[in-house]
Every structure is written in structure tokens, then in C-alpha cells.
Amino acid sequence: MTSNSQINKSTRLTDILLEVRDLRVRYGHIEAVQGISFKILAGEIVALVGANGAGKSSILRAISGILPFGGEVLFEGQPIQRLGSAAIVALGIAQVPEGRGIFGTLTVKENLRLATWNRRDRRAITANLRHVFDLFPRLAERQRQLGGTLSGGEQQMLAIARALMTRAKLLLLDEPSMGLAPMLVHEIFRILKDINRTGTSLLLVEQNALMALKAASRGYVLETGRIVLHGTGRELADHPRVKEAYLG
Amino acid sequence: MKPWFQANNVGHHFGGLSAISGFNLELRSGELVGLIGPNGAGKTTVFNLITGVYRAAEGSIRFQGRELTGLTPWIISGLGIARTFQNIRIFKQLSVLDNVRIAHYRRTHYSLAEALLHLGRYRREERRLTRAAMEILRLLHLESYADETADSLPYGLQRRLEIGRALATGASLLLLDEPAAGMNPSEVGQLMEFIGWIRGQFNLTILLIEHQMRLVTGICERVLVLDFGVTIAEGRPNEIQNNPQVLEAYLGQAEDGGQMTDDGRQT
Amino acid sequence: MNRHWTIGLLLLAGAALSWAIPRYELLNPYLQATLMYLGINIILATSLNLINGYLGEFSVGHAGFMAVGAYASAILTVMLLPVGAAAWRFPLAIMAGGCAAALTGLVVAIPAFRTRGDYLAIVTLAFAMIVKSALENINAVGGPRGLLGIEGLSTMPWIFAWTVLSVWVIRNFVYSNPGRGVLAIREDEVAAELMGVNTRRVKIRAFMIASFFAGVAGGLFAHLLQFISPRIFDITKTTDILVMVYLGGVGSIGGSIVGASMFTVLQECLRPLGVWRMVIMPLLLVLLMLFRPRGIMGLRDFPWFRPSVECPQRPPETHPS
Amino acid sequence: MAYLFQQILNALQLGSIYALIALGYTMVYGIMTMINFAHGDIFMVGAFLCFVAATVLGLSFIPALLFSMLGCALLGVVIERLAYKPLREAPRVSAVITALGVGLMLEHLTLVFSPYPRHVPALWSSASWHVGGVTLSSLQVLIIVLSVLLMVFLDWLVRRTMLGLAIRAISWDRTVAAIMGVPVDAVISLTFAIGASLGGAAGFLYALAYPVIDPYMGVIVGWKAFIAAVVGGIGNIRGAMLGGFILGAVEILVAAFLPSTYRDLIAFALLFILLICKPYGILGQPRPQKV
Amino acid sequence: KIGVVAELTGDMPAVGASCKQAALMAVDEVNNAGGLKVGGSTYTVDLEIEDNAAKADQSALAAQKLIAQDRVLAIIGPNASLGAVPASAIAEGGRTVMITPWSTNPKTTRDMRTGRPKRYVFRACYTDTFEGHVLAMFILNQLKLKRAAVLYDVASEAPTSQSELFRRIFTEKGGVMTAFETYTTGDRDFSAQLTKIKESNPDIIFLPSYYNDVPLVVTQAKRLGVTVPFLGSDAWSSPELITLSQGTVEGYYFANHYAADIATPAAQAFIQAYKARYKALPDDVAALTYDAFGLLFQALKQVDKPEREALRNALSSISRYEGVTGNMRFQEGSGDPIKSAVILQVKNGRFVWFANANP
């Protein structure tokens, strides 16, 4: 936690990277997200925690532009709610979707290559690829394997690697630890912090509330589509209400 | 006396990849056993082999004295083995009640002709079936959803419905594949109670796969650890937790039984 | 119970009408004929819905089964059971047509269900082409010139009776345990099998039942039109049935009845439009699909359609979970 | 021997046209897992555009070909936007049935304007050569060469380019593809455009080879090409080509060596058996699915 | 009020379109001339045109509608036997006169169960059997050729009947059938069959195909190096054949109901009027439809009141009708006309009389 904040200070902590104002999402006549506002500063890790169905994934999908929504989303001060998802990715927001979303019929390498759709800088892409393979040596070994046959942990790594290939400034992670073995969960969190250290901001959605809050500089707690608590990661981790709900 | 359930030297591979090899497992009636291991270790494959989704390339699986390898899934299901899936696979567009009624499939005693013409046993059987299905829904506190389509249920209830559906097959051996996936710790606590309760209520033997160690250590009597398709350890939960091999392959160094490792300090 | 009485009364009234209408010319022969074709179309649509809606496959060979039933029953009445035989001759011929079609269905289904989805579509399509081509080459049944001299045995009461019977039996099937097996397969074949459903047998049964009724419809059709030829049962016939099914809604027997009725009635009502009729009909279909992608009553049925034993007996008070 | 060669040549010509149409089915199927039943009628429109280009506009070969292809591409995109796009989230068959409806509409709209068959003037000199008892016409060569070129180009496009990657990704999961920055709608439209323009090219070549056209010409050919696509393994580009040539060969060779009365019977029985032995088509594979 | 059932949509729209045009013309001519005098009073003729989508059940329904709902006096059509056969059963049952212009299937006018002719069903054309016979004799006697091949559409009734009869007569009278090949409606590639026919080395090829298939067959045959002539049936006789085939059918023969160049004044007048009205030459469907109306009008002039039964009797007792397609009367107790055929040859892009052919 301390190490995180130090790094954040060095990268202009006050810059607002993403600002969400009064976000609303509805499915049919159910309002899954009921007016949510929060912000992410450059270089931060922000955790979004909440029970099943609280609306976490809906928020991420809305930001990525694949769900229609009400309200405003500003990225680096620019409103993005009218942009299509392709344009949003081009601006630098990438998502690791819930359930990983690996393209089963594409090989590992093709999965990675697809994420560079918006990029024309060949040389940088190659460098990027090398960097990603350094982060995940496991993927380097499996470049030609079909995505669909990877194990859960491998797929999760691929999903993160793929998001990195878009050269995002902000990474939206939807339950990256779901279904992973404890060791891999540690591994993934370690890698996420490494990624953050290189300047990428993270919005982390997790069931695994305590772990996420401890990794994050700030956090928001969501209940049925509303933010009910927010504060620094540590504050929230120790908050009685969180303890009650998430420690059982 | 032969063991109640026995998997003997089972092996299976996909293409060149050996997903499971030399796998042995014995279950006594009434046990609750955990199956853990890193991702891709072959746990789900074990389930698929037992239930006949895949046909084991080597070895034998015997259940109540009967050889299972080579039988089709529906026959195996009829012998009393049921399972849930890692990704929920309920019948989404059917009603909750129908989901459970389908699971009674093998235990309906009327012929096709009787069904088509509404003759003889049809009415009686159909009533019995509906009553039995409603009973299971009642036990799982799902009866108020009976008429809703299954995909309109919240996630947690869908998991519960899937377990209910498995119970309705009349199984004596229940295989649960990551029942706690996507649940937060307080929900996991409820799930643990629930599993214990159905085990008593339905007289079940349970084999479960799980990554959330709290659940495994909390309710399993015995744990089997797989890595790369091979069993690397077997024993009581507390033994497993201190097994160096398991620590290295699965749990990682700083293991505290739960999953709330304090990562902040590690960096 | 109340509901039962209503339905029973309605059926009785229908039966009486189906007898009285031709007897006393309550409707002119054109409207009568339209009604009779409507009955046949209902049988066709409901039976195809069993495969395409309930089982979730995509069969395009329904006209082929219809052809088998039509020829089988017509051969019986024209050649084997000549005029003058007893009254049971006609129902027997229709049953025989249905059985012939069901057997053909079995022959197609056994190998065909090794494949799924669009592959099954092709297998059934190839089957329909084979039937048509085979019939063209059998001179004993008239080859391409068709089979003539069929008696007009399909009278209104008969068609009414067969329509009611078909719908009733298919409905019984759908709301029985074997029928729920069919639904389970549509939703998730692997899970269904693991719940004890013998998926292969269930599929083949459903396919045979559907072909049986296609054969019945074919038999009625042959004895209504009094002429059959291989060309009648070409791909456009299947297309028509498909349109009825999807117009009315997949996975819904009520929907198939509505779809067949709409199709038949529209086709007649739009006659004054001449060639434009054939532009308007598909346009309506496309518009309907855009606004109701599952058809008019997709996956839902009239509540009174479900057998009473099928509904859950709820405990008096529901308690929250 | 000469007889056999002649028949093989005939098979190649017919097969390459089937293959070209089958590609259109396979492209659309490959990205949307949807059978575009209107494709046979787009093919028909391609032939009519060829007619319009040659008679009304008086274009020569290359411009007329481009006219047909572009016209069909445009038609394909319009149909996709108006009739299929709103159904993206709907069950898959809804779009299939819509396609069926659109196809019927195209047929009858054409019929309203042209109930009589039309003759397409020759846009290509019909020289022919006789080599040892085998007759080879320049048109035959043109059809085979042009089809093969288009197929090779398409194969390259799908296998080797980003566009191909995007098509395959979208077919797996549209939403995730969007999250990766792929402009999904544009890629889908482009795919329809390519598929339809191939249909247009096929219609064009067909109109030259078989110069009498009518509004229903796409129906049977369309169904057959669809069969070809499936026999090859639908969604698979090379499969579609293979399927097209196999169907052409089966039809021609059965008629050539067996009584032609039984041609359809035998040809379809063969395909039936083939599909039963190879349930996913010759080059097709089931989607890998993990339980 | 007269009804027409035509194949406006479905797989033979050209037939329906011609039929409709000729029908409109025939009726307008009568109405413009002040109407039709029947038994002292004058009636204007109302036309009710129904589409049958070239389908059997649709034909039956359309006929039923005309008879029962629109209460027409008589029905003209359907043209193709696929529709004419079921419609004829309806007409017979509804005791309404039906004249099919173009259905050459012998069974259209015959009740297959009793084996007797239908009372209310007539046709304006001759039958398939007649034509197959005429053409076989023509090859042997007039062209003096001995080796013939046949290519026809198995899925169509008329060509199948014609071809089979042709084969029987031709071989009986000493000819040699070198090849007997088929295709299916909708096929456009005939290369396999033509290559096979070429291998069999015939002197002439009998092609009883509908006129839109003819150019395709002939063009492909030429591309494959087939040089022998083709012989066609009445289905060739549309001027469209000339435009569609672009000279490839030059010199070939076919059988027809009439020859325009030696035609009667009635025929000449019809052709002129049709050309003036539709900017196109009439095909056989148009001519036969026109004659069907002609027959009807002539019969109507003889009855006292426009009633169905009377009309039927008048029709069957017509002693001589001078139509576009020749003179005809109906055989005793049957709806089949007695009329002769002619053999035409394509010369300089026109149909020219070549020979008369009588049964």
C-alpha cells in the first residue's frame, strides 16, 4: 500500500483520468446501476467491490461502450459516452471482461494480435509483445495453442496480456481472480501491481473484497446499483460494514 | 467388500496433452471429499470421466460394483451419479420447476404412448413427479420461483437450482464443480452450511472441486490434490495445508487457510 | 375443471360445425376449402415446430415427409383398397401415410442426428431432394405427371378430427416427461444427458412424431386436392411451412396454430394484390421478425393449453427465500 | 478419355460457380453463424445487374463485372443494416428466417419488373479451341480462372490479415471483440459486402455462361451452393471451395456415367452419405467446447 | 363474369404474364365492341384474374374462389398441368366450365377414376401424345433422319410425356435412339448431358423444353461442338425464343399450333393487335388463351342465358371455331379439341411454316 502511494505521487496524483457522473444502466425495466459517480486518478488502483448482481460488471461494460447508459463519463476530461467501443479502446481504456472472453478459435498469439487493431506502430507492437511475454512466460510457451483449450489460469493471463496489448492507460478488470487457484490469485495480483507500477491505472472489480481493497489505493462499495461507502483501501478493509458483509 | 466407489489408475489425454494419468480415488459411502489443484490440473476432467462425458482412455471406474467406463452419461446418471458444472448449465429458458422435473427423467414410469394419449399412469405419475419436484424446490427455498424461467433467477439461486436439479436425479454421489465460484466470503459461509445440510438430508456422498480453501478446509473430510494430472497429495485438510508440495504447487507460500492474503505487505 | 368444460364444449361445437358447414352449405365451397387447407397447415406447422421450435434443430425436409405420407396413403386408396371398401378405409390410409412418414423419419434420423444444427438442415434438405427425385423416377405412381384419380375423401369433419387429434397429441407430448427431455436438449444437450435424458432416443422419437404428423397432413392433402405430384412437395412447400412456424412463434403450439392461420388467411386475403401479394407476404414476415424476433407467441403458450396436471400445486402460502 | 476430360472440364466450370456462391454463404456464416438464405437471390440480382450493365448502360466486360459486384455489395450491406442488424441479440434463427423473407422479397420484386426471362448479351468473345476431342471455350477458362483468383484472394484475406482475424474473433464473441477495439458493425458490414460481391461476381459469370436469366434463377442454385458450403464445412473458406467443386463434380459425373434421370437422386444420396460420414463437413470442425 | 387462373408468380411467371395479357386483350376487345350479346341482352365481360403461384393447392383454391365466391361463369386456366389438373377437379365438382389454354396433359380433361372425360373441362391445345407422335413421324418421314437423341426436363409433365411417346413411336418405326437424357427444372448447366449426347453421335436432338431453357441448351451445345440440329415442341413457340437465343436456333424445326406467316385473317389480326398493345409478339400461351376466350365467346353467343350448364353444352357442340391457332371443334363427348399441328422452321430470326402435320 505504501509503495503504491509513493509511486502514485511521482506520477501527478491529482490528474483525474476517468470521471463517472451519475451513471445509470437499465436492463428492460430493471435499473441495475442507479446513478453512480466516482473518479480514478492517474496511476491509481481503484477497487469496486460488491455482492453478486450489485452492478459492478454493468459499470465496466458501460464505460467500455458496449452498454447504453445514462449519465456522463469523462476520460482525460473528454466526454466519451457518445463514442463507440472501438474509439474508446483507441483512447486508452481496455477491459479484461468477466469470464475472460478468450477467443476460443484463435491462437494465443492471434488473441494478442487482435487487440492491436487500432494500432499502426508495428515496431512498438513487437516490443509490446515481448514485454507481455516477459510478464507471462507461460503464454510465450503456448503461443500457438488455441485459446479455447487453455486452462482457467492461463486464460486469465491471456486476457490481461491482451488488454495490455491495446496499450491502455486505464485497465478495467472484471473479477480477475475468479476461479483461480490461490497461488495464481497471488500471481495475478502481483502482476497487476507490476503493471500499475509502470504507470497504468487500474479499476479492479472483485468479489474477493479484502484482497482487492488491500491492493487498491481507494475503493468504492456497491450495493444494488448504488455506492454505499467509499474511502481508501485500508479504511474500507477495516470498516465494520464491509467486514460483516464480506467476511461472513 | 468392494469399495463403494473406486477409480483405478485412470488416464486421459487430449491430443498430445495428458490431462489425467494414474488417477486413483476411493470413496466410502457418506464421505465428503475435496478435489483441489491448480488451474488446468485436470479436476474437471476427472468429473467428466466419472460422468461419462469423456470416455477414459485407461483405467477403470467402478461405482457400487459396476464398471462405468464405456457407459453413456444418461446411464451413469441413472445409476445415481449427478453433478453440477463449473459454468452454470441450467436449462435457461425453461421454468425452474421444469428444470427439476427433467431431472426425474429416468424415474418416470409411463410409456411414450401413455404420454401421447394421456392414458393410464400418465396422470398419476405426472402428479407424483410434480409433487416431488416441488418438494425439492421447497427444501431449497426456491418454490416461489417455480414458474419463473431459470435465467431470471439471481446468480446465487441459479447455482442452488443447479444443485437442486442434480439432487432430483436421485443421486447418491454428487459431484460439485466449484460451487463457490463468484461468491463472496459471506455467501461462501452460507454455502458451506447448505452443503452440509443437503448431505444429511439426501444421504449423499459428495466429491467437490473448489479453489476457495476456506470451504475446502471447512467441510471436507479428506482432500485430494492434483497437479498436471497427477495426484500429488492426499489427506485430511490440515495435513494438506502444510504439505510442502501442495504449498509450492497450489497454495503459495503465505497461506492462511482463507484467501485473504495481505498482498500489500508482500510487495 | 371449469376450463375442461369450456374446451370440451368448444371442441364439440367445432365438430358439429365441421359436420354442418358442408352439409348445409353454411359457407361457400371456397371458404370451406380454405378452412380445410388451414387445418392441414396447422398440422404441418405444429409438427415442424416440434423439431424446429421445441428440439431447437433446423429441419428443412418437412415437405419430404409430407410427400411420403401423401403418396403412401394415396397409393393405398387408389390401388390397394379400391372403391367400395368400408368406412375405415380412409382413416387407415391416413394412419398408413403417417406411419410410412414416421418410418422414413426414423431412417433419416438415425444417421442424421450424428450432426447438429445447420448440418441437420442440409441432411434434411438432401433428403427432401432425394424424395422428390425418387418420386419423379417411379412411373408406377405417375412419375413427374403425378398421381391422379385420388378420391376426395378429406371432408371437413375428417380434417377437423385429424387436426384436433394431431394438436392434442403433440401438445401431450410436449407437456410430458419425454417432451421435457426434448426441451432440455434444446437448452443444453450435455446437461440434459447428464440429467439422465437419453438424448439420442429422445431426438429420434421427436423426429418420428413430427414426421408422422407431416405424413398425416400429406395424406389429408392428397385426398383433398385429389392430385399429387412430386413438384407439389418441393422446397417452396417447406419454405411455406417454415414461415408459418416462425410467424407464429417457435416452441409454441398455440403459436403454430396462429401462424398457420395467419399465413393461410393472409395468402387468400391478399389475392387482389396480384403479384404484389408475394412481395407483401415476405415483407410482413421480415417486419414481424424485426419487432418480435421469436414470432407472435415465441416460447409461450395459451395457459389453457397446458394440461392441468402439469401445473405446479402451490402450497397455499409462498414463503420468501 | 477425351470424353472424361471434357466432363471434368464441365465439372470444373460448374463447380467454380458453386464454389463462388458457397463462399458468400460461408463468409456470412463465418462471422454471424447465420445462414444467409437471401444469398441465392443476391446472386440473382448480380445476374440482373450484369444484364442492366450490358444492355441499358452498355458497359464492357470489366466495368460490367465491377458494376455487378459493387451493386451486390451495396445491396448486401443495405440488407444487413436494415434486416439483420436489429436482430443481433435475437435468437439466431430469427435472422435466418428474416433472410428467407428478404430472399423471397428480392425474387418477387424482380418479378414485378421483369416477369419474362431476359437474354444477357455476350460480353466476352466466345472463342473455343479443340484439343484432341476436348472442346475448351474461352468463357470456360475465364470462369474457372476468375473464380479461382477470387477464392485465393479471399482465403488470403481471411487467413492472413487483421480483417480475417477480426472476422474470426467476432464470430466467437462479438462483445469481447468490441472491447478489443474492433469496430464490430463495420467489420460485419464489410463481410456482408464481400460475401455479396462474390455472389454478384458469381451471378455475373453465371449470366455469361448461361445467358438466360429470370427472377427465380437463384433459388435452386442458391440451395445447392449452400449444400456445397456445408459439405465442405460451413464457415471454412477452403471448405466452401472444396464443397463447390465436389458438388459440381458429383452432378456432372453422375449424369455423365449413369442415367441422367437418376442424377439428383444419386447426387443427393451421395452428399447425404458424405455428410453422415463427416458430420461437420469435410474441412469443418465442431467448435471446441469444454464441459 | 369470367375468371382466369394464371401462374403470375412461381417458377413460370412468363406463362402467367402472357396469359394475363391475352385475357385482358380478349375481354377488352369484346367490351369495346359494345359487349357480348347473349340471348338478346348485352353484357359487358368482367374479368377476375387470380394468381396460383404455379402451385397445385393454390390452383385448386383459386378455382374454388372463382366458382364459389366470385361466381364466375367460366374459368380460363390454369396453364400448367400441375395446376390445371387439380383445378379441373374443382371445376368439374363445381359444375363450371374450365378451359385450360395450355395444359397438354391428357389427364386434365379425363376423370381417372371413372376413366371418362370430365364434362366441364375443355382445352384449347392438343395433347402431349399427339405432339410426340407428330414429331417422331416428321423426323423419319420428312427429314429422313434415323438417329435421334432426346434431352428433356424430368420434373415437368408435358416434356416427359412427349419424350416417352416420341421414343416409343420413333423406335417402333425404325429409328434409333442414341441417347435419352434428362435434367431438372431450374437446371442451367447441361454440359454433362450434352457431352454424352455428342458422344452418342445422333443426327438430330429432340428438345421438348420450355422456350427459356432452349437458348441455354443450344448455346452450350454449340460451345461443346455439337453441330446437329435440334427439334422442338410447341413450347418453343414464343417470339422471345428469337431474342433470347440470339440466332443460335436458326434453321431448327419445332411443332406448333399455328403458323403466323400462313395464318388466317383472325390470327393476323390478333398478332397485330397484340403487338400494338404490348409492344411484343404473342407467344403460344397468349394465342391459346385468346382462343380459349374465343371459344367461350362463340359458345356464349349460342346460349339463351349466361348460365354454366348451358354454356357447357354450347361449348361441346361447337362445330367449328376459327381461331388464332387454327380451326377446332371438340371431340365427341370430350373436352379435347380436334386440331392440327404445323411444323415451323426458324429462318432469319422468324418462324416460317414448313409443313402441316395431321394426327
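Order of writing sets the labels: A, B, C, D and E. Residues in every chain begin at 1.
Simple rule for what comes next: a contact is a pair of C-beta atoms (placed from the backbone, for glycine too) under 8 Å apart; a residue touches a chain by one contact, two chains touch by 3 or more.
Not measured: the values here are computed from a predicted model.
J.: Which chain's C-alpha centroid is most distant from that of chain D?
T.: Most remote chain from chain D, centroid-wise, comes out as B.
J.: By CA centroid distance, what chain is farthest from chain A?
T.: Computed centres place E farthest from chain A.
J.: Between chain A and chain E, tell me the centre distance in angstrom, where each centre is the average of that chain's C-alpha atoms.
T.: 75
J.: Taking the mean of the C-alpha atoms as each chain's centre, how many Å separate chain A from chain B?
T.: From the centre of chain A to the centre of chain B is 31 Å.
J.: Approximately how many whole Å separate the CA-defined centres of chain B and chain C?
T.: Comparing mean C-alpha positions, chain C is 41 Å from chain B.
J.: So which bits of chain C are touching at least two other chains?
T.: 132-133, 136-137, 190, 236, 275, 278
J.: For chain A, jot down the residues that touch at least 2 other chains.
T.: If we look for residues of chain A contacting two or more partner chains, we find 149.
J.: Among the residues of chain B, pick out those that touch two or more other chains and give their numbers.
T.: 53, 85
J.: Applying the document's contact rule, which stretches of chain B touch chain A when the two form their complex?
T.: Going through chain B, the ones touching chain A are 14, 36-41, 86-87, 154-156, 178, 181-190, 211, 213, 249-252, 254-255, 259-264, 266-267.
J.: Quick one: which bits of chain E touch chain D in the complex? Just the residue numbers, please.
T.: Answer in residue numbers: 8-9, 11, 13-14, 16-17, 154, 181-184, 186-189, 191-193, 195-196, 199, 212-213, 215-216, 219-220, 223-225, 240, 243-246.
J.: With touch defined as at the start, can you tell me which chain D residues reach chain E in the complex?
T.: So the residues of chain D touching chain E come out as 3, 6-7, 10-11, 13-14, 108, 111, 115-119, 121-122, 126, 128, 130, 135, 137, 139-140, 206, 209-212, 214-217, 219-221, 251-253, 255-256, 260-261, 263-264.
J.: Using the touch definition up top, name the residues of chain C that touch chain D in the complex.
T.: Against chain D, chain C makes touches at 52, 58, 111-112, 114-116, 118-119, 121-123, 125-127, 129-130, 132-134, 136-137, 190, 235-236, 239, 242-243, 246, 250, 275-276, 278-279, 281-283, 285-286, 289-290, 293-294.
J.: In the complex of these two chains, what residues of chain A are touching chain D?
T.: Per the stated touch rule, the residues are 64-66, 84-86, 89-90, 94-95, 97, 101, 103-106, 110, 113-115, 117-118, 146, 148-149, 162, 166.
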